[in-house]
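Two complexes follow with subunit A in common, the first pairing it with subunit B and the second with subunit C.
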Partner chain A sequence: MSNLEISNISKCYEGREVLKNVGFKSSEKEFIVVVGPSGCGKSTLLKTIAGLTSVDAGRILIGEHDVTRSEPGDRDIAMVFQSYALYPHMTVAENMGFGLRMAGHPKQQIREAVEHAASILRITDYLDMRPKQLSGGQRQRVAIGRAITRSPAVFLFDEPLSNLDAALRTQMRVEIGQLYRRLDATMVYVTHDQVEAMTMATRIVLMNSGVIEQVGSPIELYTNPVNRFVAGFLGSPRMNFIEASVTEVNDDQIVVALEGLDDIRVARRHGVGVSRGDTVTLGIRPEEISVGRQRSHQLPARVELVEQLGREVIAYVDTGSIRAIESENGLGHLTIQVDRKSAMSRDDDIHIGFDAEDIYLFNADGMTMTPNRDTEKSPVHEVSEA
Partner chain B sequence: MYPRQISKDDVLKKYLYLAAVTLVLMLWLLPLGAVILTSVRPASDAAVGNYWGWPSGFDLVKNYTEVFTQTPMGRYFFNSLVITIPSVIGVLVLSTLTGYVLSRYRFRGNTLLFAIFIGGNFLPFQIMMIPVRDLTISLGIYNSYLALIIFHVAFQTGFATLFMRNFIASLPDELFEAARSEGASPLQTLIHVVIPLVRPALAALAILAFTFIWNDYFWAVVLTPSDAVKPVTAGLDNLKGQYVANWSLISAATIAIAIPPVVMFFLMQRHFIRGLTMGAVKG
Partner chain C sequence: MTIWRRNRSWLWPAFFIAPGIILFGIVIVGSSVQSLWISFFQWDGFDEMQWIGLGNYIEMLDDPQFYISLRNNIIWLAVFMLAPPLGLFFALLINQQIRGMRIVKSLFFMPLVMSQVAVGVVFTWFYDPSSGLLALFFEAMGATAPALLSDPRWVTLAVVFAALWPQVSFCVILFMAGLNNLDESQIEAARVDNARGWKMLWYVILPQLRQVNFIAIAVTVIGALRSFDMISVMTSGGPFGSSNVLAYQMYSQSIQAYRFGYGAAIASVLFAIMVVFISWYLWRMLRMEKEGA
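So, the complex of A and B:
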């Protein structure tokens, strides 16, 4: 059973609440990625699941058992650390068999478990080496192998790829994904890297300052963020935010005005409170802005910086009176992401445009005021079909 | 403030420096050289005042044999080993246990306990002399091996705990978390993870404690007046008679006593391995 249930966990450190009423539940095998900015409490959450940190309130269930007060060794979990945490004086095989040896399993059984795990990770050749003879990627494989050897119900990964270089990180990301499909276990994976979150997760738990902002599939969070934080956190380059004021409200529409643009009419989320004159934040993803005049709303812009990424081009444009808040470069430029074929260079005067249906609106508290969209029609989906 | 490296081009300074080092070294080793020379002199040399000159004859074998045949030094030597070895083992075991707990477990009074271990080191032995003597008498262990062993362990463990605590605290936290999440008990973690990694510290501590206990004179005089249990340091004093003293024999005995700590050093040296924790965590 790979059942994991966390309910209402709270934890205080020296008077500071690092986890506030955190809870989520997974009843079947899942790859849960806990993501958030540094200091959001994601690592603390993982340590409470592991049992390395006690909780002040709440319950943790693993495979139907309440393990809230159990020792880590009795929880049926295995943890993989960012820094690998291999025992330097033991060989790879001894490292991997350590847990079983401490539990008093017979030697033969330990050897079989170690060899099985080693063959999955293709580290059989290193079994007699010591950690210091291995490279970073090999060490992390050994650390994962050590977790597999114990065949736990829940794997806990604490930023396991942060210490690896970019190429190796991509490779290990794929490997961990394959491992997940192969093993009958739930994985809880903590990272600050949204690419890892988007690519690996079956479900993302997005955290910020000790609370869970949103839980859902990657595409769900990307398409229908519940608030401005989630909208801004997922997606790279991140969503553009522009301050706007509400000029008209009716039952199913909100009209906002931006200087130099036609009124923008966007759908209103059912029951959301808004009134005329409110200052709201308008959000639009860089890939929803296009160059040219074909969209419903257009405005002139000047290209300030172009990042040619090969597959796509990211440009930072100055739109005069319309300034982005919290923009990537701090200068109020809008970020747009377009096809690589669109020739653009610095100081070009262009026209950019977007459609009202791609707009998100957030109220003063940051809550989303636009209704949920169909994830099937999401931009990411279109890209994968193309 | 700090010693700066002497530039290779400055020949004069370099030779001056070498000369100064040699001079200090010779002054430093002179008494030891005199004792070594005296230990091979015939007894008559000392009687005529030839302390520093060339020996009139070489009685190396005779002197060193006599130390063990004509005097009770053999007995004292044995006593010293019986006292020192269990004391060193006791210090190592206790300080590893206390160091492990103080560095890795948070509990009320942790810092206070640690402060007491350190503070104990600042008490001068002299003010404890009479209380300790009285205590051993009440315990019925006065004038026995046990008295010296117990008090050496007690007095050395304070410093040793400081040493081990800091060493164990410097090990990466993740290793302990990994062991714990794999179900290793605290004792298993200590035996299988901590001890192999603090071997260099244990070796250094063993040398320090061995040398200190072996060379102790104060407690030996206070707690073991009888020849049967007296260690070498106190025993050496016995070689000096009330009216005569055979300085050649005393010198030979002195040199013989100095050997075990040196041997200890070479025995422990192979445990000083640099970078034992390399490969544990990143880097």
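So, the complex of A and C:
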């Protein structure tokens, strides 16, 4: 079975550490999405797995072989590049068969492999064309086809959809998902887009400035982020962050105060250090805030902006006393997400509310202070496949 | 004003292209046509021009010097064809990330900033059988240096070799620019596809250098056909015309022997030869543009 193990990889560029002790392991077929903001080292990580970049420290195993120092061609991998990187002077068929040709396979066998891959991706009609004659989406298919033809143990994708328009991106996302289920190979997929990460991954590796912040299933990371960075990175619209101060601590509870609200009592993660008077960050997801008075904590607010998305409504509200930090619009407004039936318009005065159990607390270092919750209860569902 | 506005779309381009077209028309097209016209006359540059029709061309067919010059031009062309592959070779070498390559790089730039005349003079000293570097080299081996520039068998090769140096440098520069513009991700893709060494060069690098390669060959062909300054400086076509080429023969017939008609006829033949190459060049260029390469 496909096996990929990366341990303690470090990489410096001109004295700057771009990857610091990065490692993860997958012993069965998986769809691993490496996600993180631009410049955090995702592509560098992928290139070290591919062997296009050497590592300064660490080990890479693919299918039981230590390939840390192997040439890319010897690693049993295939890579799909953001820019497609097709050979412009070759036809689609030649592009797809190039790897097998370099490996010295007989012509007949190459042709069969190319035709098989082409039929999976429905590009059989283009086999004799040159990349120039194809559209962006078709080129992307050819690039994926080139990877499939070699039937590697590990597929590497570097932001393969970022040059496509939105509709095509969604379609390709589904197709790559189907491809994954059809092939017997692990995929490592790099993207900066958290939607791609949430929808495609069986496991997410979330990176930030050269280190891995958290590894886990999409729902785990969404429900139980280990720190504020992870909490803020996954989910759109983003989690609201509000500064608060601790007024009381006991063994299994932390009490924080926010101006104009009753004391908020939240469960305390086992063993987390916190004391009275600490400044902490309170986090609440936009979909956990509701309009009306039915929740445990509530406060008046004024609607500043409404985004009608059809299925749901996103509103930015000003509560006067409570200001969100790093808010989406930079004005300190809270973001709330409610279903489309809630009629709301600009300048409406409303009441918003939330329950204490939906609150996350992060300490000054950003570490989560609230205990893990049950992932079943989370509002996010596995995306149904088309 | 309205006339201007209505015709703006073609007036501006015309305005900017005009100086080029006018200059090209006078300096290139005009003088070529005039030169062709003169080739039908007998003319010493001062007296009446005398129409002799194809006389100059008929004379050329019986002129042994013409055949020597033509042969030498072919030798130039053949030897110069080494320049593009050598240029590619050195460019690939220089492109390696090895310490000290910067110095090697500057060695290749040197002949380009020097004038051809200076290169010619330096090589004349180099070949000097009594005190040149080549003579010292032969002495150290216990032999006597050949007088390359006064030996009809060797003189053309000696001059071409001197001219090859700047030509190779020029190709090196062209290929280096080309190598800098390679598509990095294509090379990465090829590495993943297990293309190495020669296969990488042949299947992935060279196709990307096609356009540069084409320019290098075209420039080298034209450089070989119009070779003049090195011959002028190093041998003046001697000894006994044995290192002459068409361009230099044209010059010496017209300017030194006052036979402008005959010189113009040689020029016209040289032009005809060049037209073949230039047409090939343009044809390939248009085809490449059509392919959008």
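Definition applied: the second predicted complex is superposed on the first by the 380 of 386 C-alpha atoms of A that agree within 3 Å, B and C clash if a C-alpha of one lies under 4 Å from a C-alpha of the other, contacts with A are read in each partner's own complex, and residues count from 1 in each chain.
Keep in mind that, in the parts below, contacts are C-beta pairs under 8 Å (C-beta built on N, C-alpha and C of every residue); 3 or more make two chains touch, one makes a residue touch a chain.
Remember, predicted model here, so these are calculated numbers, not experimental data.
On the superposed subunit A, the two partners subunit B and subunit C do not both fit; they clash. Shared-chain residue A:73: touches subunit B and subunit C both.
Of the two partner chains, neither subunit B nor subunit C is touched by A:198.
In the superposed model, A:89 makes contact with both subunit B and subunit C. By the touch criterion defined above, A:132 lies against subunit B and subunit C together after alignment on the C-alpha atoms of chain A. Looking at the superposition, the partner that touches the larger set of subunit A residues, subunit B or subunit C, turns out to be B. When the two complexes are overlaid on their common chain A, residue A:103 makes contact with subunit B and with subunit C alike.
Of the two partner chains placed by the overlay, neither subunit B nor subunit C lies in contact with A:239. Overlap of the subunit B and subunit C interfaces on subunit A: residues 47, 50-52, 71-74, 77-79, 81-83, 85-89, 98-99, 102-103, 132, 146, 150.
Within the complex formed with subunit A, the subunit C residues making contact are 183, 185-186, 188-196, 199, 203-204, 207, 210, 292-293. If you check the complex, the residues on subunit B that touch subunit A are 172, 174-175, 177-185, 188, 192-193, 196-197, 275-282. The part of subunit A that touches subunit C in the complex is made up of residues 47, 50-52, 71-74, 77-79, 81-83, 85-89, 98-99, 102-103, 132, 146, 150.
On the subunit A side of its complex with subunit B, the touching residues are 47, 50-52, 71-74, 77-79, 81-89, 98-99, 102-103, 130-134, 136, 139, 146, 150, 156, 163.
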